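Note that the chains take the letters A, B and C in the order they are written out, and that residue 1 is the start of every chain.
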Amino acid sequence: MQTSNVKKGFRLATLIVLTLLLLLPLFVGISLSLSSSQSIAQGHLLPDHLEFANYVKVFTSTSMTKFLWHSFIISGSVMIGQVILSIMAAYAFVFLEFRFKKAAFILFLSTMMLPFEAQIIPNFATMRDLNLLNTYAAIGLPFLASAFGTFMMKTSFEQIPTALKQLSDIEGLSHFQFATRVVMPYTKVSIITFALYSFLTNWNMYLWPLIATTNDNVRTVQIGLRQLRSQDTASNWGLIMAAIIVSVIPTLLIIFLGQKYFKKGLTNGVIK
Amino acid sequence: MLYDGDYRSYNAFFNLYVIVMTSLHQIVTIILLTTIIIMTSMAFERVQLYMTIELRHLKKKYDNGEEVLTDINATIENGQFYILVGASGSGKSTILNAIAGFIPINDGTVVINEKDVTQLPPKDRNLSMVFQNYALMPNLTVAENIVFGLAARHTAKDIQQQKLNDVLNLVHLEEYKNKKPGNLSGGQRQRVSLARALVSDAQIILMDEPLSNLDAKLRAEMRKEIRALQQQLGITVIYVTHDQTEAMTMGDQVMVLNKGKIEQIGSPLELYNAPANTFVADFFGSPSINLLDVKMRHNSFHLNDQFEMLTNVDIDEGQYILGVRPENIVISENGALRGELTHIEPLGDGTNIEVNIGQNQSVRIKVSEQLDLTLGDVVSFNVLIDRALLFTPSGQLLHTGKSVSAVI
Amino acid sequence: MKKASNLKFRNESALGWLLLLPSFIILGIFVFYPMLKTFFLSTQLTDLMGNPIKFIGFKNFSNLFTSDSFMTSFTITLIFVFFSTLLTLVMAYLMAMSASQKIMGIAVFRTMFSSTMGVSVTVASILWLFMFNPQIGMFSKILTFLHLPQINFLSDPTWSLVAIIGTTVWMNLGFAFLILLGAIQAIPQDLYQVADLDGASWLMRLRKITIPATSPTIFFVTVVTLINAFQTFGQVDILTSGGPDYHTNLLVYAIYQDAFVNHSVGRASAQSVILTIIIMLFTMIQFYVKNRKGANYANE
């Protein structure tokens, strides 16, 4: 059936309007970040004249640079940890036979239904007793093992054709060789998807970094923003907006780059 | 006393001595020669035994108790193209997996080169495999896929290259060396898979329905190619298929399987000309054989209480199954049998028809000329009874070909 | 053979457990232990440092259910969860449908639509904080333009919850959209071709094809959004701090306040247990439905 040009134009217009509405808060934020304080105070949503002073200030007169760095370290190392541990566990669940495997897997799965929010009080006590508060370890350690990641890796490992396993058996590949030469290359897309998703989630973590840090030593960018907002009682909206735009760039990049993987990977990992 | 000056007696003694010694010498020579012959023949036999595979009393059950293999026995000789054929669920792939060592079996032994390998992992069985879905790594090039196993075994780089070039030449893939499998056609992918199996130097190659994902024309081409390669290199191939054409055209020996049991083992023509039972008879040939319920009475077969076929075969009176290949029926104006045409398939170079002879019995006929018939026409025909097969009512072969021969 | 499989069994057992060990250590220390500890603490009277003093059974729970502030926060949480989930689902579905059309440049729109998935709770909350700002915010401008009375969104008991719901829906749209889009695109096109031949209307196609074909995914997104909504914290913390007068005091925020501000760990643990039970319930429903569906698919 041929769709007429008018219909097409109408649909396109709908999509554009939807996009504008959806992203309006973001556009307003970008606009304010480029405005001067006077312009904002006068109630203008669009800048009188474009200026990047707010962005300069973010990096010069706030601790944002430090917070961004902390977030990179934590998100990156938790991501690496989650990917490695998830691959290890999923490999055991898919390619090895051992007693109580099923029980172990159910135990893994069960953690997916236990809300982290209900575990924060004892976890805080643990970190305090181990003298780990205000360290990277305090923020990152509890998240190194990921039931979700293990589950997602397991699902994608199961897609590897039996023949490839049989071939590797005939050729005498060790478990390590099979994992690195067959399993990981074959499930590359899933692994990258999970890594990106993990980074995204770690970067955006809020409650736990808030509890696990009491000073700026290892504070992450999210908590830094919260602080910036409450400190700036004068409501320097331009600066705050510039700071949040800076903080959201890495994750938006991930979304733009990984969109098509997310759709497939997350659906497969979660639903199947 | 023997020397008692009697030269003669001495002479006689000497003669005796010579005779004894000569015969002794002969005996020793004979013994020696025999030993040499026996030893040579034993050595020769060793060479012959080399690379055989023996399956002894293989049994396999699923966890739920269902039997997948019941007592499989077979010997696969060196250099044979050995085919395991059967419908899905017949156990043919299970046997292949047991030979490869992918699955544990419940009972029996697998012997390769006179060595019991039942307990050995796949890698120590010195064989390679070609898979139905090719099992190629999508991220590796053709060349990298082919040397996959060599690289895993840390074979020296220059030897890898040498072997790679040899085998690429063998399967005509030189110019695709650096392509990824995703850019190849199905036939080319299967050649890569074949090359990977050949490069390993294993003398036994297992093939698991390698052509089933290819289209008909390509399949015919690859059949020829694989068979030619196998004969050129003198390797042993164990080939699993459900396709009777592949079994007929490629195999030296064919094992026909049905529900985990061996129905028959033999060369393709043996299976076609002397099938052990109606299952095997029905399995080979297209259109498939006519299996007609007949009664033996007064030296003739009675079909449908309506038609009579004279025979001189010496059997008791009673119920039998007569197996007649469609090509062993001739249409003739005053044939002994007749019926109504219910189906016609013009093939160009011939025609397949089906004739209803009443009582819900149909006869398939294959002729090598074009027929000008329409549905409903009455066709009369004769059975070449000297080429028919005779089975017991339970389906076991009683007589083949000539022995059933008769006057029509 | 039995011997062979036994041999294999022993070799792989050690490796299997070795590979699981790191994950189990982490899960043990940071999931299983704290979960049990929370259950334990919920039955204890605790001091200001959070140390248990004595066993009091279900006293913490009975106290909760007679406390006005908890009952308010619990009711508010249910209302919040219901509306935020419903709105997320409906809006994301409409977006997914409009983004499943084949129009030039549709990929750009898809990326835009899913982009809120990458926005953190802090960023979303601060953006909306400005939108709701009574002096210079977007909504105050709109109200002025329409000659309507000004609303102080974040300090009005009703509107503050609306504001939190709005922010949450906006944040959740990206993820829900992406998953639903995947499901809609997976519908075989020939189903629609048949509908076209029958001259089915847009609504018929939606009711007879699109929704039934995506219903497993709709269910999945619903449960995930629901569970996320129960765990809402950041929006409340930044936008309203639970106020005005506990009217946005969602469950997790209440737990945080009780544990780390009011130093009432027993009470916070009791609320944590309630949260855990709710989330377990929904996860189990999802597992159950998924397995039932899975069995159906397996039969096909």
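We take it that contacts are C-beta pairs under 8 Å (C-beta built on N, C-alpha and C of every residue); 3 or more make two chains touch, one makes a residue touch a chain.
Being a predicted model, the structure only gives us computed values, none of them experimental.
Engineer: Farthest from subunit C in C-alpha centre terms, which chain would that be?
Structural biologist: Relative to subunit C, the chain whose C-alpha centre sits farthest away is B.
Engineer: Specify the chain with the shortest distance from its C-alpha centroid to the centroid of every protein C-alpha atom present.
Structural biologist: The most central chain here turns out to be A.
Engineer: Provide the C-alpha centroid distance between subunit A and subunit B, rounded to the nearest whole angstrom.
Structural biologist: About 59 Å separates the centre of subunit A from that of subunit B.
Engineer: Would you mind pulling out the distance in Å between where the CA atoms of subunit B average out and where those of subunit C do?
Structural biologist: Whole-Å distance between the two chain centres: 62.
Engineer: If you average the CA atoms of subunit A and of subunit C, how far apart do the two points sit, in angstrom?
Structural biologist: Computed value for the inter-centroid distance: 16 Å.
Engineer: Would you mind listing the residues of subunit A that make contact with two or more other chains?
Structural biologist: Subunit A, residues with two or more chain partners: not present.
Engineer: For subunit B, jot down the residues that touch at least 2 other chains.
Structural biologist: None at all.
Engineer: Among the residues of subunit C, which are close enough to touch at least two other chains?
Structural biologist: 8
Engineer: Which stretch or stretches of subunit B touch subunit A in the complex?
Structural biologist: 100-102, 121-125, 127-129, 131-135, 137-140, 148-149, 152-153, 200, 208
Engineer: Looking at the complex, which residues from subunit C come into contact with subunit A?
Structural biologist: For subunit C paired with subunit A, touching residues are 8-9, 12-13, 15-17, 19-20, 22-27, 29-35, 37-38, 41, 50, 95, 98-99, 101, 103, 106, 109-124, 126-131, 135-136, 138, 141, 170, 173-174, 178-179, 181-183, 196, 216-217, 220, 224, 227, 230-231, 233-234, 237-238, 252, 255-256, 259-260, 265, 268-269, 272-273, 275-276, 279-280, 283-284, 290.
Engineer: If we count contacts the way the header does, which residues on subunit A are in touch with subunit C in the complex?
Structural biologist: Spelled out, the residues of subunit A in touch with subunit C are 1, 8, 11-12, 14-15, 18-19, 22-26, 28-29, 32, 40-41, 43, 45, 85-86, 88-89, 91-92, 96-99, 101, 104, 107-108, 111-126, 141-142, 144-145, 147, 150, 175, 200, 203-204, 206-207, 210-211, 222, 225-226, 229, 237, 240-241, 244, 247-248, 251-252, 254-256, 259, 262-264, 266-267, 270-271.
Engineer: Okay, in this complex, where on subunit A does subunit B touch?
Structural biologist: Within the complex, subunit A touches subunit B at residues 161, 163-164, 166-173, 177, 181-182, 185-186, 188.
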